[in-house]
Each structure stands twice: as C-alpha cells, then as structure tokens.
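Labels run A, B, C and D following the written order; every chain starts at residue 1.
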Amino acid sequence: MTERAAVKAALKTQAVETPSWAYGNSGTRFKVFAQQGVPRDPREKLDDAAKVHELTGVAPTVALHIPWDTVDDYAALARHAEDRGLRLGAINSNTFQDDDYRLGSVCHPDASVRRKAVDHLLECVDIMDATGSKDLKLWFADGTNYPGQDDIRARQDRLAEALAEVYERLGDDQRMLLEYKLFEPAFYTTDVPDWGTAYAHCLRLGPKARVVVDTGHHAPGTNIEFIVATLLREGKLGGFDFNSRFYADDDLMVGAADPFQLFRIMYEVVRGGGMSGDVAFMLDQCHNVESKIPAIVRSVMNVQEATAKALSVDRDALRAAQRDGDVLGANSVLMDAFSTDVRPLLREVREEMGLDPDPMAAYARSGWAEKIVAERVGGEQAGWGA
Amino acid sequence: MTERAAVKAALKTQAVETPSWAYGNSGTRFKVFAQQGVPRDPREKLDDAAKVHELTGVAPTVALHIPWDTVDDYAALARHAEDRGLRLGAINSNTFQDDDYRLGSVCHPDASVRRKAVDHLLECVDIMDATGSKDLKLWFADGTNYPGQDDIRARQDRLAEALAEVYERLGDDQRMLLEYKLFEPAFYTTDVPDWGTAYAHCLRLGPKARVVVDTGHHAPGTNIEFIVATLLREGKLGGFDFNSRFYADDDLMVGAADPFQLFRIMYEVVRGGGMSGDVAFMLDQCHNVESKIPAIVRSVMNVQEATAKALSVDRDALRAAQRDGDVLGANSVLMDAFSTDVRPLLREVREEMGLDPDPMAAYARSGWAEKIVAERVGGEQAGWGA
Amino acid sequence: MTERAAVKAALKTQAVETPSWAYGNSGTRFKVFAQQGVPRDPREKLDDAAKVHELTGVAPTVALHIPWDTVDDYAALARHAEDRGLRLGAINSNTFQDDDYRLGSVCHPDASVRRKAVDHLLECVDIMDATGSKDLKLWFADGTNYPGQDDIRARQDRLAEALAEVYERLGDDQRMLLEYKLFEPAFYTTDVPDWGTAYAHCLRLGPKARVVVDTGHHAPGTNIEFIVATLLREGKLGGFDFNSRFYADDDLMVGAADPFQLFRIMYEVVRGGGMSGDVAFMLDQCHNVESKIPAIVRSVMNVQEATAKALSVDRDALRAAQRDGDVLGANSVLMDAFSTDVRPLLREVREEMGLDPDPMAAYARSGWAEKIVAERVGGEQAGWGA
Amino acid sequence: MTERAAVKAALKTQAVETPSWAYGNSGTRFKVFAQQGVPRDPREKLDDAAKVHELTGVAPTVALHIPWDTVDDYAALARHAEDRGLRLGAINSNTFQDDDYRLGSVCHPDASVRRKAVDHLLECVDIMDATGSKDLKLWFADGTNYPGQDDIRARQDRLAEALAEVYERLGDDQRMLLEYKLFEPAFYTTDVPDWGTAYAHCLRLGPKARVVVDTGHHAPGTNIEFIVATLLREGKLGGFDFNSRFYADDDLMVGAADPFQLFRIMYEVVRGGGMSGDVAFMLDQCHNVESKIPAIVRSVMNVQEATAKALSVDRDALRAAQRDGDVLGANSVLMDAFSTDVRPLLREVREEMGLDPDPMAAYARSGWAEKIVAERVGGEQAGWGA
C-alpha cells in the first residue's frame, strides 16, 4: 500500500462521535438563542446525527446525556439509531442541574446528596447495559467558589469513594472516562481541575478508568499535545472532547481557533498509537450563534483535516532530523505536513466512500434544514445547560 | 484633624452602589440555583438594598438594569427608594437578551437591529430623566465567535455612530460610562475588549463619556491598578464595577479572590484624587451559591476595608522612599498599611455613624432573611441573565 | 490584472526588515548558547542580512540597535549596507543595559538618570540623520518589581516629558515608533504595558508618533488582530515587531507558534490599508537554539505565506456572507484562504524575481554557513541582551 | 498549652532554607545589575546566610547549587557553615549552563550528552554524602522551542531512564525532589511541565522521590493550594521553592505579589499535616533590583506571617461551617485569620527566641551591609544564571 493509500485507509476508518446536546439550543449565562428546527426529543437529535453521518461517513455514534436524553425504552432508542445507521455512544452523566447540587454532587459535604449523585451514576451504567454503550463519561461540576467554603482534601476523599463504587459496577467491556476542567461552573476550586488529578484517580481505580481530554478545559498556555503524549505513554488516554477556544471553555467548533494546535494534538495521537480504536474522538461543542447541523459537519471535517495532515507527516525524515539535532529541519518536516492542503485528498476519500466530496454543499442542497424548520413546530426545543 | 480622624471621615462619606440584579437569582450557563426569599419585582429589590444600606450606612444608591427593572412609573419607583433612604443610581442598558441580538446590537450588521438597540439606549436616558439618575452605564455583549464572522473595523464604525447619537441625547448633568470586557459572551472578538478601546471612544465623544473598570474583565496578568492610575491621570475614569475573580469573569464578592489587589486599586484611587465623588464605586456580582443579602453586605465591607487601608498609607514616608530608590523601604510602607487590621477602625466608624459595628451579625439577628422567605412566596423570582 | 497577478505584485513589493541583533547570540537568563560563525561587528551583521535579502528578495533593510551597533562612522556603515543592496532601517534605542537604569530610564525617580536616557534617545536621532533612517523605535524596559516601589502616575508624567523632548527633535520625515510590552524585565508595573498606554502618548505627541505592535508582548488571550484593526482605523499603527510565542515573550520565529493568528493579523493589515508602505514589517526574534541565518530566512518566508493567504481572501464573498449574517459561510471564506497551500505561488513569485524558488535549500547550498564559521574566528561574538 | 502558645511553638520550629544563589547577582536576559558587597565565593554566601539566620532564627540551612558552589573540600564547607550556626541543605543540580545542553540534558537526543548529565547528577549525590545533605533537588531546563524539534514521548523515556539511575544511587536517608515548571527556558515543550508529570515519575521511582512545588512555575489561573493538598494526600509533597510572581517565573520575594495566596497554600500545608518536618520550605528567588540580604530576611518573615495566619485559623469553626454548607460563614472563618495582624505575635516569638523583634531594623543597624561593601572588593562577584 502506498503512503497515500495508507493515509486514506486510516481516514476511512476514523470515527468521530457527535454529542446529542450539540443539536439542541445552547448559549451563555447571558442568553440562549433559540434556532428554528431544533430537535424536541432524543429521537429527533438522532435524526440530525444520522444526517451528519450520512454526509461525512465517519460519525457513526452519538453520545447521550442523562437526564437530557432520558427515555422510557433505551432499547427502542438504540433501534431508532440503528435504523438510521447509527449506534449509541458514550453515556454522559449530569450531576449539576439539580438544586441539590448547589454545593457539589459526589463531593458534597452532605452524604445524602452524594448518595443521590452516585445513584445517578449507577443508573447511567444501567442505561449503558440497555444501549450497549461502552463508555461512561464523567464530568463533575463540583468545586467551591470561595476559599474556606469546603475542605479540599475531604472532597477528594469523597470523590475517590464515589468513583470506586461506580467503577465496581462496570461490566467487563465497559470503561469509565474521567474528564477534568480548570474552572466553571466553580470559580475557586474544581475537584478534578487538571489531568494530574484525573490520572491519579484513574490509576487507583484500575485499567477500566481512563482520562478524557476536553481541548477547552485547560489553563492558558497549557501544552495539550504534551498531555496527550504523556497519557498515551501511560496507557491512560480514554478519549477527547473536541472543541476550540480563544479564552476559556468557549466550546467553539473544533479547529476554529487554532488549527495548528489541533494538528499537533492529532500528530501525538498518531505517533502514540492512538489511532487503533482505543481512543474515543468525541465532539463537545455549543453552536450558540451558528447553524447547528452544518457546524457539526464542519467540525467533523476539521478533525479529518487535522488527522490527514498528522498522518501525512514524513516520520522517517522527522526522526532523522530530530536525531541530528537539526531544529529547523525537524520543524520543517512537521510544518510541511501542516502547510499542505489536504482538502483534495479528503474529497477523494469521500468519493471512494460513495459520499459527496463536499458535505457542506451537500447539506445545503439536501433540504434537511428547511424540512426540520417546517416539521419541528410546537413542543419544547431541546436545550443545553441552564 | 488627626490622620485617623481624616481616614474615618473619608470612610463615612464613601458611597458604594449596589446593583438591583445581585439581589436576584444568578448562576452559570450550567445552572441557576434558586434561593428562597428572592425578590419578585424591582420594589422588593429596593427593599433588600435598603437593608444593606441600613446595616452598612454607605450603600445609599441602587443601580437599575433595563429591562429587568422596567416599571410603568419610574417616579413612583424613585419615591419607593427615597422612602427607604435610598436613591436610584446608574441605569444599565441591556442589548443582549433579545433574539434579535444574536449577532450583536449596536454593532450588528443589520441597520434595523442597530436602530432597535440605539432606541433602547435612548429610552434608558428617558428613564434617567425620570429617576434622576446621573449615569448611563453601557456594556455591550457585541462581538463575534468565529474569525471572519464579521468585519472588525466596520463594527467599530457602527459602534462609534451609535455612541455618538446617545451621547448627543445626554443632559448637562448626565454621563455615559462605557464598560469594556475581554470576552464572554462573545468568544473571538469583543467590540469593546479593553480600556484602550473604551478610552478611544470616550475621548472622541467628549467630557461626559468616561470609562468603567469592571475588575473581572481583564486578561490574565493585567495590572488593573495601572489602568486606574492611567485613567485618572487622563481624567477619564468614570467608576468601577467591583467583583472578584480567580479565572475569568467569575463575579465573586469583591475582595474575595485577591484582597491585596483590591487594596492596590483603592490606593491608586486615593493617590489619583478619585475619592472626591467623581468616581462611582459600584458592585457587579453574582451570588450563585451564597446567600445574597449578606454577601452584598460583606462585599460593601470588603470595599471599606481596602479603602481604609489605602487611606492609611503613610504617603510622606512612601514618597521619601520612592525618591531615594529604596525598593524594600517603599514596598514596606505600602505593606504596613495592608498588613494592619483595619476592622477595629471600621467598627469605630460604624458606631460613630450610629450603626451596629458588626453588620453581618446584625443582619443575622435582624430576622430579615426569615421574613422574606416567609413573605415572598408565589410570583416569579427575579433572575439575572439567561 | 488578474487576482493572482495582483497578489503576486503585492508580494513582490512587501518589505520585511530584519534586526541586526538577531544575527548575534541570544538566550534566556539561564544561558546564552554561542554559535559558530556569529558576527563580531555591525558590518558582519549586515553581511548576513545581505545574504537573507539575496535569498528572499524582500528583506532590503536592517534595523540597528544602539549601542550594540555603535560605530564611529555611520555614513560608512550605510555605504557598507548599500554596497550589499541593503539600507539601514529603524534605529532602536537601548536604555536598559547600563547599571544606572536599575530603577528605570526615562521614568527613573532621579532626574539625572532621566537626562542620561533622553540624551541617548536624542543621540539616536542624530544617528538617524547620519544613516538616513526614518524610524526611531522606542522600547522602554522601565517599570517596577514591587508594589509601592515607585509612583505609577509620576512615572507617566516623566515618560510624557521625555517623549515630548525627543518628538520635538524629530525631522520632518522621521517618525517615533513606541512599543508596548506587558512585562519583562519589570515584573509588577511596566510603564508602557499595553497598546492603550502607547496610543494615549502617541495621540498627545502628534502625527509623527505611532504605535508598534510586537506580537509577543500581550497578555494571554489578547486578540492582536483586533488591536491592529483598531490602530489602523485610528491612523496610529506604525509597524510590527514580528515573532511568535507560546507563553510569554518567547521571541520564536514568527508564524512558528500560531500560523493562523499571523494570517488573521495580516488579513487585518490588508483589509485596513496597511500594505501601502506606512506600516513597517520588522522581525524581532531570538534564535537561541536554531541556526540564525536560516531561521531568519524562514521567518521572512512565514511572513510571506501569511501575507499571501491574507491577500487571497475572497473579500467580496466575505463581505456578502458577513452582510447576510451567515456565520459559517463567512468563516469558511476566511478558512479557505488559510487552508490553501500558497507555497507554489510563492515559488512562482521568487522565480519571477530571479530568485531560487526554495531559499532554505539555496542557503544550504550557498556555502555561506561554512564560510562564516571558517572566517569569523577570534574577536568577540555579537550578543543580544545580558 | 493555649492555642496561642501552640501557634508560637510551631513558628519557633519552622525552618526556612535560603538558597546560596539568592545572595549573588541576578537579573533577566536583558541585564544583570551588579550590587556592591555581593559574595565572591560559597563561603561568603554562607556568611550572608548566617546573618539571615542570626536575625530571624528560622533559617538554619542553606541550599547549594552545583557547580556554582563547587569547592574542593565539601567537608570544610560544611564546617564553615556549622561554625556559623548553619547546616548545608538541598543540593541543586545544574544541567543547563553548559553549551552541550543546548537541546537538553537528560532528555537530549544524543546519548553522550545524557551520560554527561546523569554523571553530574550522580556527582551531586556524592556531594550530598560529603555535606550530609538529605535532598537532591532536580530541576531540568530540558524542553524544545519548536513543534517537531524532538519527540515528546522519547524524551519522557530518556527522562525516566536517567531518573531511575540516579534514584538507585540515593542513600537510605536521601531523597530526590523533582521540580516542575511550565516554561522557560524552553518555549514549546518542557519535559517536566506540571505536577502531574512530576508525580507520575515520582510514583514509578518509589518512596524517596517527591515533588517540589515552585510557586512561580504554573500556568495563569492554576490553583496552587489545590496541588499542595493533593500532593499531601498522596504522600508525595517534598517541599516548596517559594517566591512570587505577577506574570511568569518572576522570582520576586515570596508573599510580595499575592499574600492571600501564600496564606491559602500554608493553610493547606497545616491542614494536610505538612508542618511535621517532611516538607522542605525553601526560598528560590532573584533579588534583581532590591538589596539581597534584607530581601531574604523579609522573605523569611513573609513566610512566617503566612504560616502564623494559617496556624491561627479556627479549624473547629471552619469544619462546622463547611459541614453546614454555610458558604459565607466558612469563608469568614478563613478570612478572619487572614485579616488579623500577626506581626505583634511574631515580635513576641522573636523576643522569646532571644532575637530582635524587628529583623529588618536590626539588619540596618548591624553594619553588615557597610562591612561587606568595604571588604568584598576585587575578585568576581557570584552571579545567578547567565
């Protein structure tokens, strides 16, 4: 197989998971802008996700968020997905949108609130059993706003206890993906603020616990690809929540703010053996001002472009230049891959997969946008967050 | 008058404006936690503000936010305030919570949206006429989320045009206070992102236009007291929106995150002649997890403590050490004032003003918290933001 | 002229000024690594710069730094430059490497130190007269390390007085370019820390005073292209000190850390009329670990690539999408230009200019590196900074 | 023992280690300002450190830096220390100031450079044997400046191999303290950039390996006390390199930039059992513009003040408020301790220790400054870094 054929083969098998909540309305604390045609229930979210997969060919799974996607019959929901060529992906827990969680969930000072939170997490594993999902994705909004508000260390003890109970409940093929985040909604301490904390907990829990890297959850200046390389080296990288940011957790389309960074991240994934299927590539974005479905299509394409460039790096030449201490030469090898326009290659990939080479134009022509605006009238639009 | 007497006299005349919205519910994009007893209309917000003023003696005015505090009869609202020993303060405009403002307000590409926004600002001046408010405070959520989304420079032209029309409408004793903010809710560009942009616009507008410094609206590492000193030197500091932050615009209680920074800011205010009445000391906070009224009382006290320390700096000794290039000596003079416990002095000030020396304890004893929980049942709680 | 021809014409006339000090050794406070073949005097720096211009065709001027480039006969130095196809560019002052400047230069509390600093600046204008340089570039390391160390406002007064005296001395065709920097070497206050401060001073000084944007001198999260657009709108952008950074003022090769940002900056330059010759494109970099001359060649090429992409933006399509509020469409237009590989276009440009299409390879083949290593033996290597 | 007596007892036993290099000249890459009377050899540094200990009573050990403090006879140096009431503290390695280390030391691509670096580390352990030092403090300047320059993961492998060899060499009572740093002098990747990386290596090495927290080595917004609490919970906190910063690794006097942060850090130390002797409290500062010895005295006092406040927190009241979810109450308990002026308490502590209650004034009166200026003439002043 030629180099180019190998790159194309890898691109055809890459899978990007889209999040159900990105199809619904979202916003900031200042305003959630409603868009026409937004889904009103989990089924309609899957319908939109199916459109994205139909156009891109590489978005076969959809992450659910509980309780936003709570249904009576998860098996039926899974069938609804299958009928559209999809599978249900990671189950995302939510322990932040109940009044009881004002001071935390699994780290709350009150044991009864912690119990409630853990029970929710266990319920999420039940749902995984019903949907066939492999990954439980845990993000905790837990933290404090003021120095002294609670005991930093006691909260870690409570967290460890909760995680251990949930880990115990996991089936043989199920994983726990633990996400970290620098801040927001808590503004003084966050109980899982960085990869080190998530890593330390996962290490104690065991091999089924892995760290999730949300690309928007770091302090300014953090070298994310370094974290990716380190977690892969330690066998602890579970996956990504992709999005992009200029300031904080802006949740913009992945690749929109710093495409070179996304390329560097994907290069470390490729170099560290992360393309083998073990690492989940998930989107976690909020399309506050732009149209949601095409924004997700575009995001999937941005991941593909970064991956294509990462796969195209001349690794032999890179290794040689690195070995020789040729700083400019080594940098040039990497930059050559980044500077190359991979859009023609990806058009070929899509054509070989029987897809339209231009998914954005295909969506515009499809009539789907007009159809959902016309049909999804009445009912309550799905919305993310508050 | 002794030094100590002069400090006390200054502290007795300092006025801190509390914002009507801080008495209502607030939160993050993830969740707004409801609290019991929260006001259900502007009158109840004033009732709470009156309690804060009764306890602290230095919070005689309340900022309104339009349309959150829209009433049919502003003169009646002003009388409601006066009956409780208060006056209505700055009028804060809101051009971010209408679906029309998805892509901006005064900077929107569509002239009809800009017209609507400007009309709202002009209406705010009408309200100032009715309430006797002196200051129009303008904060614009305008900006873009993606590179290319709109033309940076054309948006500045639109902004300048809108500001000019509103400036023209101001009465002789009215001022326009223009606020800047690094980011949020816009995540790529913000149309007034820094003091330089606000300053440049105010300079062109004329003497009635001044810059407002919100202490939470800066990039990491920004030296806020430098900006304060510079704006006072240029005669362009209109006032403060006080709050504190560890990360972004966290809107925590002022002085909670970095009390030394607050002291340094207040020192520049004192040194730059900002205690003479021209500079408005306003709070702009969100009490997401803590009780709102005592949080505001505490915030007022925090401003007082920082002010008391700033007033206590031995400026002759400081000047001498600075002149001599005595780095450690000059720093020591400043640190001596900061290290001093000014709470006894402030207790004296309160007693001399006929107040309880411990406003927090007095509030706890007052029964107000229990009273509003019991009485404010039914109706819709006031809430900040989305 | 076709669109492509116009882009090529613009690229052929763009001029990038290289700094004499980038040809010498540089490092961090931890270590300055010496490289073989480094220039030992200003003439040898010009020889290297001539090589860069010979290879790229767009680096015709060299910035000098006084006193690092002090010579007895500046007219002779200018002739040395001319003989090699170069001109002398901006004169950069240095008021930070003398023991007298421990507490500042033009802002120092002691008037005699200020006098010395101003005299140095005036001497730089004398040198401009001798070299024919048009721009005096001022960067002040002035600031304080500790709160209280000196009076923030008094230092602004001293700064204003110094600048006014130097401004007065400028000839009709000479400009003063004032640079700002967030921090380093001062760690508490810096006397010109942001564009707003530089702008305010330039405004008072008059039309010959302009602001310089060093791309590495901002707080994390600062939107540099916004500043560029704003300064162009105000007629106050004097030029750039190009370099790139991941953290602070890292002084890496321009375009190495965030090529998308560089493209956005160049787009605002193009859109704001900054390609007409009024804006100086200067490099200000430190090649601590990489070979200096090829690093500078590469940097010039990086500026060219960003410029080529910026010139290639379909501005009609962009304007239409922006006008229609088509967020994704407008973003796509910009991204299309960025995603395009402009290296073939630049190879054409170089061939049409009679240059080797691959300047890096041409340098490697030229033997210059070997020649200077062999010839520049003995004497003292030029070094930047401490 | 009363509460107050217990606080005083703890303060009397706290030990702060001062670094030999802080007594020498230091600066930034722009300029190292020389001061009069600066030590010219390790013995004179110890003489100055003895003065600091004589004045403060709590600075009994001095950290050495190899090769800056290389001597022929370490036993003699240890006796010189003992004669002045001091002991030699941590041995700090230096693998960054040799031309061979341009591309790294223990992570260098070339095995011979790695060998040289490891040999230096082993030599440092030999020196520990001679001096009786218990701690080997490792900080690596290793990293890369450009994407692609070297392989992130391979460098981790090399690092792990080097650390393992050195760890093996440690004696039973010797520890390895591994320091992390976000950036500088490397500007793209740093091989030990955060506590997570240091922790992961220490975990693999074994119980004698611990993490050092340098308070200036974090990304903006990092919650340092959270890291301290976490490392103490994991039994992996080895000690501190204290200093303070407004921007990057400014190396200002500890407590000078954010005294509230220092208090919060010390509170977590106290709460987490870190006062028992296992955690090393070291200074690592650069006194670029201020007088060195009094700056170190002041720094020791700042650590004492923060410790005194941390020890004074009413932990029963805090625990009760935290348990009750009383956000404002819990915050108040902490703030009460911070707001209290502990300088009178510390004066008592010093008097009870037979010291002058005001070490700064005592130093000024001591004549030491004049003595060293007069005596230390000729020879080469000690200097930090480049």
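By definition in this document, a residue touches a chain if its C-beta (ideal position, glycine included) is under 8 Å from a C-beta of that chain, and two chains touch if they have at least 3 such contacts.
If you want to know which protein each chain is, UniProt gives these names: A, B, C, D = L-rhamnose isomerase.
From a predicted model like this one, the values you see are computed outputs, not experimental measurements.
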* Structure fact -> Rounded to the nearest 5 degrees, the rotation mapping the CA atoms of subunit A (L-rhamnose isomerase) onto those of subunit B (L-rhamnose isomerase) is 180
* **More contacts between chains, A-C or A-D** => A-D
* To do: For subunit C (L-rhamnose isomerase) and subunit D (L-rhamnose isomerase), let me know how many angstrom lie between their CA-based centres, rounded off.
  => 38
* Asked: Any idea how many Å lie between the Cα centroids of subunit A (L-rhamnose isomerase) and subunit C (L-rhamnose isomerase)?
  -> 40
* **subunit B (L-rhamnose isomerase), residues touching no fewer than two other chains** => 103, 145-147, 149, 182-183, 188, 220-221, 223, 246-247, 256, 260, 289-290, 327-328, 331-332
* Within the complex, which stretch of subunit C (L-rhamnose isomerase) touches subunit D (L-rhamnose isomerase)? -> 26-34, 96-97, 99, 101-103, 141, 145-147, 149, 182-185, 187-188, 220, 245-248, 250, 252-253, 256-257, 288-290, 385-386
* **Touching residues on subunit D (L-rhamnose isomerase), where the partner in the complex is subunit B (L-rhamnose isomerase)** => 220-221, 223, 246-247, 256, 258-261, 289-291, 294-295, 298, 305, 327-328, 331-332, 338-341, 343, 360
* Structure fact -> Per the touch rule, the subunit D (L-rhamnose isomerase) residues reaching subunit A (L-rhamnose isomerase) in their complex are 103, 109-110, 145-153, 156-157, 182-183, 188-190, 193-197, 199-200, 203, 218-223, 225-227, 229-230, 232-234, 260, 264, 268, 271-272, 318-319, 321-323, 325, 327-328, 330-335
